[in-house]
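The same chain A turns up in both complexes below, where it pairs with chain B and then with chain C.
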Partner chain A sequence: MQTTIAVENSDALAALRGFLKSLLEKGAVDALMVPLRARGGAVMPALVSDPALLDEADPLPPVLAINGARLVGALSIRPPRGRIGAVLRACEIRALIELVKLQQASLEDLLIIGLDCAGTYTQTDYAKMIQAAPEAEHWRKLYADPLAERPLRDACRMCERPLPENANIVVQLLEADLDVGIPVTLPDELGERLGLTPGASARRGEVAEKLIADRTATRDAVFAEIRQQLSSPEGLAELFATCIRCHNCMVNCPICYCKTCLFRTPAFDHEPAQYMTWAMRKGATRLPSDTLLFHLTRLNHMSTSCVGCGMCTDACPSEIPVGRVFRAVGEKTQAIFEYVPGRSVEEPLPVTTFREEELAEVAIP
Partner chain B sequence: MARTPKVGVYICHCGINIAHTVDVEEVAGFAGRLPHVAVARHYTYMCSDPGQNLIKQDIEELGLTHVVVAACSPLMHETTFRLACQEKGLNPYQFEMANIREQCSWVHAAGPETTEKAKQLVASGVSKAILLEPLAEREAEVTPAALVIGGGVAGIHAALDIADAGFRVVLVERGPALGGRAMQLHKTFPTLEPVAGLIAPLIARLLGHPRIEVLTEAEVTEVSGYYGNFEIEVAIRNPQSAICNLQVGAIIVATGYDLFDPTALPEFGYGQYPEVITGMEFERLAAGGEITVNGKTPQDVVFIHCVGSRDAHRALPYCSRVCCMVTARQAHEIQQRLPEANVTVLYMDVRAFGKGFEEFYDEVRREGVLYRRANPSEIIRRGDKLIVRAEDTLLGEAVELPADLVVLAVGMTPRADTEKLAALLRLSRSPDGFFMEAHPKLRPVDTATGGVFLAGCCQGPKDIPDTIAQARAAAAAAMVPLMRGKVKVEAAVAFVEEELCAGCGVCAELCTYGALALHPVRGVMTVNPVLCQGCGACAMACPSGAMNLHHFTFDQVMAQVDTLVGHLS
Partner chain C sequence: MSNSDFEPRIVAFLCNWCTYTGADLAGTSRIQYPPNVRIIRLMCSGAVDPVYVLKALLDGADGVLIGGCHPGDCHYQTGNYKARRRVAILKETLRQMGLEEDRLWLRWISASEGQRFADTITEMTAALKAMGPNPMRREWAV
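Here is the complex of A and B:
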């Protein structure tokens, strides 16, 4: 059913909160995972069971502290699990779909509420921005004119999939007059349960198309640049030259699902003599060791599932464009298997599929 | 208690196979200076008794903890050397082989670089060897019964042998009757005996055997379990249809063949002219009394060899092995029964390689059968005769042969549903589509799946004696575990480090042997070590290293790689 949630006093946030509350009050879900304003003003995801606390819910600020897919995984990985609604952005849903296929999350009894995303800022940038202007102004501006040039997160500027896929409820924020109403698409049965009546269908049009085209162009320019750098072993080494092996990129990656990364096991605790051997043989050996191997291994393990959320880049204290590398490499590895991460739970993971004719052509430069 | 490793390294000359290309003395000298190596020797043939004695003596006198032999592929002699180690009390899994023949001396020219590579391979083997741990070879109990799939000549012989040896056999036949293709044949070649007369007593003995249960109109629908303990589901599809569950220790596949369908080659007019028949149809014609075509005795009979065979572009690339002699026997039959008839055989080559075959072929030609080397192009009708058009490839000219009867010697093909059974039994197929044996030379009746053996034409075209030979060989092979009552279980199998396993299930999806399953409560992967064949696909796919393979652990393989890389830079 397509319908529009009425907005009173131009307060879209209040209308959205009201809609989320109705999900709890009408028993559509037992709890909602939604960004909640905590003490001190920070907005972080919380699992909310008390409708009254949804007065503090705020999924609109254009900032992404964490990819919520892993959190949904923790809430759903094995029964008994409650009926949960999760408010997520497009890249978070894509990551969730990948985790379902990796058996790290379940869609059972899960209601995905997907929001249109016009992009997000890094936490640091956003903290400064809200010093300068009230918060609501930022998301209002963003949704009113999503095509304007803005210092968004690197991943968002090249995100060509800003609209939620595989969501049960789609909350349309792009190309909607948010002062009047929020267009929502949801299953008929659920709509009736919430007492909603079908309304005019609100179509996304030129702006969403232009947004996707702009971002695709940015993405392609970024790919061309990063591939130029990656085209030689030296370029690859240079890109990761400042890696301090903190593993933050891995910790913040929604796809990296290993309980303990291989690189944090004793497999990579080398004997002191080993370092000496390397130093003697090569004249010098880089410390900390195994950094390039770490990134290459991670590319090998999960580039086919990379959804481009860019949490890795945000997490890197050395400001290495990890996300760019993963997206550029991922595009190639995904293409080999005609695989699109986050597209469908039915689509088997490349690593588990075997085709007699696969990888027949290996390009040797 | 872990002891400091003490490694013995043995470089094999393999006659001149290695020594001609690799400086074995230099490699031995190099190996002797590697850390933890107590002794390094080179010898003409390490696999010979004196060669093995060198190892045994050193284990005894020097107290070696690990042994490395640099020689041929482990497929050749790994077992030989493991047994030698075992004899002197060393765990067979503390032995490592470096392949410096197939992967070095045979593929490179003689010279210092080849010797250098041999050194690298040896050093890498030593690096792994010092990390090798003893593994316990375990055994599983065997269900003392066998399943035979297929009630043709192969299946009957295999079933009888196993039952005669004292084991219970269940024979599952898809059709309503036993005897298979052979029962459709008229006479044998070159011995000219009626086939039914040979098979009927065997069927009678089979049906009367106290230890053989025959299920006709039945099909195997599910196979689970493992070598020594298979669980089989059979669907019986006769009026009393039923599902039947069996437990067996070994399985013999004897499902036979289909015939090439000559309608795929329309130039022969099969299906269009009633006078054009297949060799198998001729068998029925010959067995049915008077040989007549359209109510008349044929005057001109043409046999065409290799219909659909040896034709990679349009039909089957392979030779079906029996058609040459079947045709000779059929031509002989016409010549004997219709002495007035003109009998011509159009051939590409005549393959008369078996016992008495060439003699029979000579005899048939002496009787007056005309063999023409020719390449038939089409069959047309002219008046009340068919005309076989061909190029005589010896004369190099086009010929036209009148015919009242044309017999097409069509080849054998895999059964149409071979893939279905292959999936059930986890069998591989060779490029020709028949079931693939474990090794084309050394293991012609085994398959890659332990406990499953092949008999007869399901493995490839063959005649009756070859079929029986393979069937009885398969029976003997299947009886080895049945008689012992136990099967060895591979010790180099996968294992899980549970604290690392996130339970993503990727490995289980890759496992061909169904050996992996997610623990329903703990959410981690579990390995069935009897089903696991140690292929390592799971360990390759596991991103966290939770899935590992004994004897090829992450650390062991990385040590090999480190050593190789170290030598390179």
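Here is the complex of A and C:
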């Protein structure tokens, strides 16, 4: 069903909150996962069962503190679980689809409320913004003119998939006139339950198209730059030169889930004599060791599933563009299998399946 | 070191059922091949975690060979098909990161192909000699 949530007094946030409240009040879900405003203006996801608390909901903070897919995984992984509605951005839904295929989340009893995404700021930038102007509706400025040049997160500037895929409810903010109404697509049965009546359909318009075109162009420029850097013999070592092997990129990656990860074991706590051997052989050996091995291993394990959310880049204390590398390499590794992360839950992960007749060139007889 | 006296080091991960047995056959048949290979036996080519390959290459191995059963012959039915996908991803990753993907070889060698094993090592040793030493062996910033 296509319908429009009416906006009163130009208060689009209140309209969105009202819509979310109706999901709880009409019993469509038992609880909602949605960002709530915490004290001090920060915004963090919460699992909300009391509709009254949705007055503090901020479904669209222009910040992505954490990729919500991991959180949905924790809420859905095994029964008994509640019927949950999760308010997610496009990259979070893509990560969720990957996690379902990795058996780390379930779509059972889950209602995905997907929002058109106009991009997000880093935690640090957003904290400064709300400190400077606590009352300003920063998210609204983004949607009022999504095509404007802004210091968004690196991943967002190059995100060519800002529209939610695989969502049960799609809130089409890019087509919305926030003073008047917000177009929403949802299943008929649910629409009737919420007492909504079908309205005019909001076609995907020029704004979304232009936004995708702009971001695709940025992405291609970024890929070209990264590939140029990696084509020089020193490029790889240069790129990861400042890595302190803190593993923050791995911890914050929504897809990198292995609890038995080799890099969480003492495998790289080498014997003192081993470091000495390396130092003697090469004249010097980098410390901490094994940083390139860490990144190459992760690229190799995860790049086919990389959804481009960029949490790794945000998490890096050395400001290494980890996410750019993952996306650039991922584009190529995904292409081998024509795999698109987050596209479909039916599409098997490339490493879990095979065809008898394929990749003959990899093992030349 | 000039290329003429450069002796490449090959780390070979061989599956227990086919390629390792093929290597054994090469030995018992007294087939001559270059002594440049260090063999590690695994139960299946599908058990080769890419991290083993990356560790060997970053630590300075000049080449890595993964040997498994021919398609359709895997002792565990599908391990070699999965290995092939992993190697495809690994080679693409190496290529994208500006590393030499040609140092990694995947070959299907059955238990009866002792000659083929010897030929593969001969061929790989020659190819690696032509490539020269793995620069990672002397790279301190790895």
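Basically, the second predicted complex is superposed on the first by the 347 of 365 C-alpha atoms of A that agree within 3 Å, B and C clash if a C-alpha of one lies under 4 Å from a C-alpha of the other, contacts with A are read in each partner's own complex, and residues count from 1 in each chain.
To be clear about the criterion, a contact is a pair of C-beta atoms (placed from the backbone, for glycine too) under 8 Å apart; a residue touches a chain by one contact, two chains touch by 3 or more.
Computed from a prediction, not measured in an experiment: that's the story for all the values here.
Novice: After aligning the two structures on chain A, examine chain B and chain C and state clash or fit.
Specialist: Clash.
Novice: See if chain A has more residues touched by chain B or by chain C, and give me that chain.
Specialist: Larger number of chain A residues touched: C.
Novice: Give one of first, second, both or neither to describe whether A:V340 is in contact with chain B, with chain C, with both, or with none.
Specialist: Neither partner.
Novice: Go through the superposed model and pick first if A:C261 touches only chain B, second if only chain C, both, or neither.
Specialist: A:C261 contacts chain B only, not chain C.
Novice: Using the touch definition from the top, say if A:L292 reaches chain B (first), chain C (second), both or neither.
Specialist: Touch status of A:L292: second partner only.
Novice: On the A-aligned overlay, A:V351 touches which partner chain: chain B = first, chain C = second, or both, or neither?
Specialist: Both partners, chain B and chain C.
Novice: Go through the superposed model and pick first if A:Q103 touches only chain B, second if only chain C, both, or neither.
Specialist: It touches chain B, and chain C stays clear.
Novice: Just chain B (first), just chain C (second), both, or neither: which does A:L190 touch?
Specialist: neither
Novice: Is A:I130 touching anything from chain B or chain C once the two structures are fitted on A? First, second, both or neither.
Specialist: Neither chain B nor chain C is touched by A:I130.
Novice: Which partner does A:G235 reach: the first (chain B), the second (chain C), both, or neither?
Specialist: second
Novice: Using the touch definition from the top, say if A:V207 reaches chain B (first), chain C (second), both or neither.
Specialist: The answer is neither, since A:V207 touches no partner chain.
Novice: Going by the contact definition given at the top, which residues of chain A touch chain B in one complex and chain C in the other?
Specialist: In chain A, positions 262, 281-282, 301, 351 sit in both the chain B and chain C interfaces.
Novice: What does chain B use to touch chain A in their complex?
Specialist: Interface residues on chain B, with respect to chain A: 499-506, 509-510, 518, 523, 541, 543-546, 554-555, 558, 566, 569.
Novice: Please output the residues of chain C touching chain A within their complex, sorted ascending.
Specialist: 49-51, 54-55, 58, 60, 71-72, 78, 81-82, 84-99, 106-108, 135, 137-142
Novice: Going by the contact rule set out above, which residues of chain A touch chain C in the complex?
Specialist: Against chain C, the touching part of chain A is residues 227, 230-233, 235-237, 241, 262, 281-286, 289-293, 296-297, 299-301, 303-304, 328-329, 332-333, 336-337, 350-351, 354-356, 358-359, 362-365.
Novice: Quick check: in the complex, which residue numbers of chain A touch chain B?
Specialist: 77-78, 102-104, 257-262, 265, 267, 277, 281-282, 301-302, 349, 351-352
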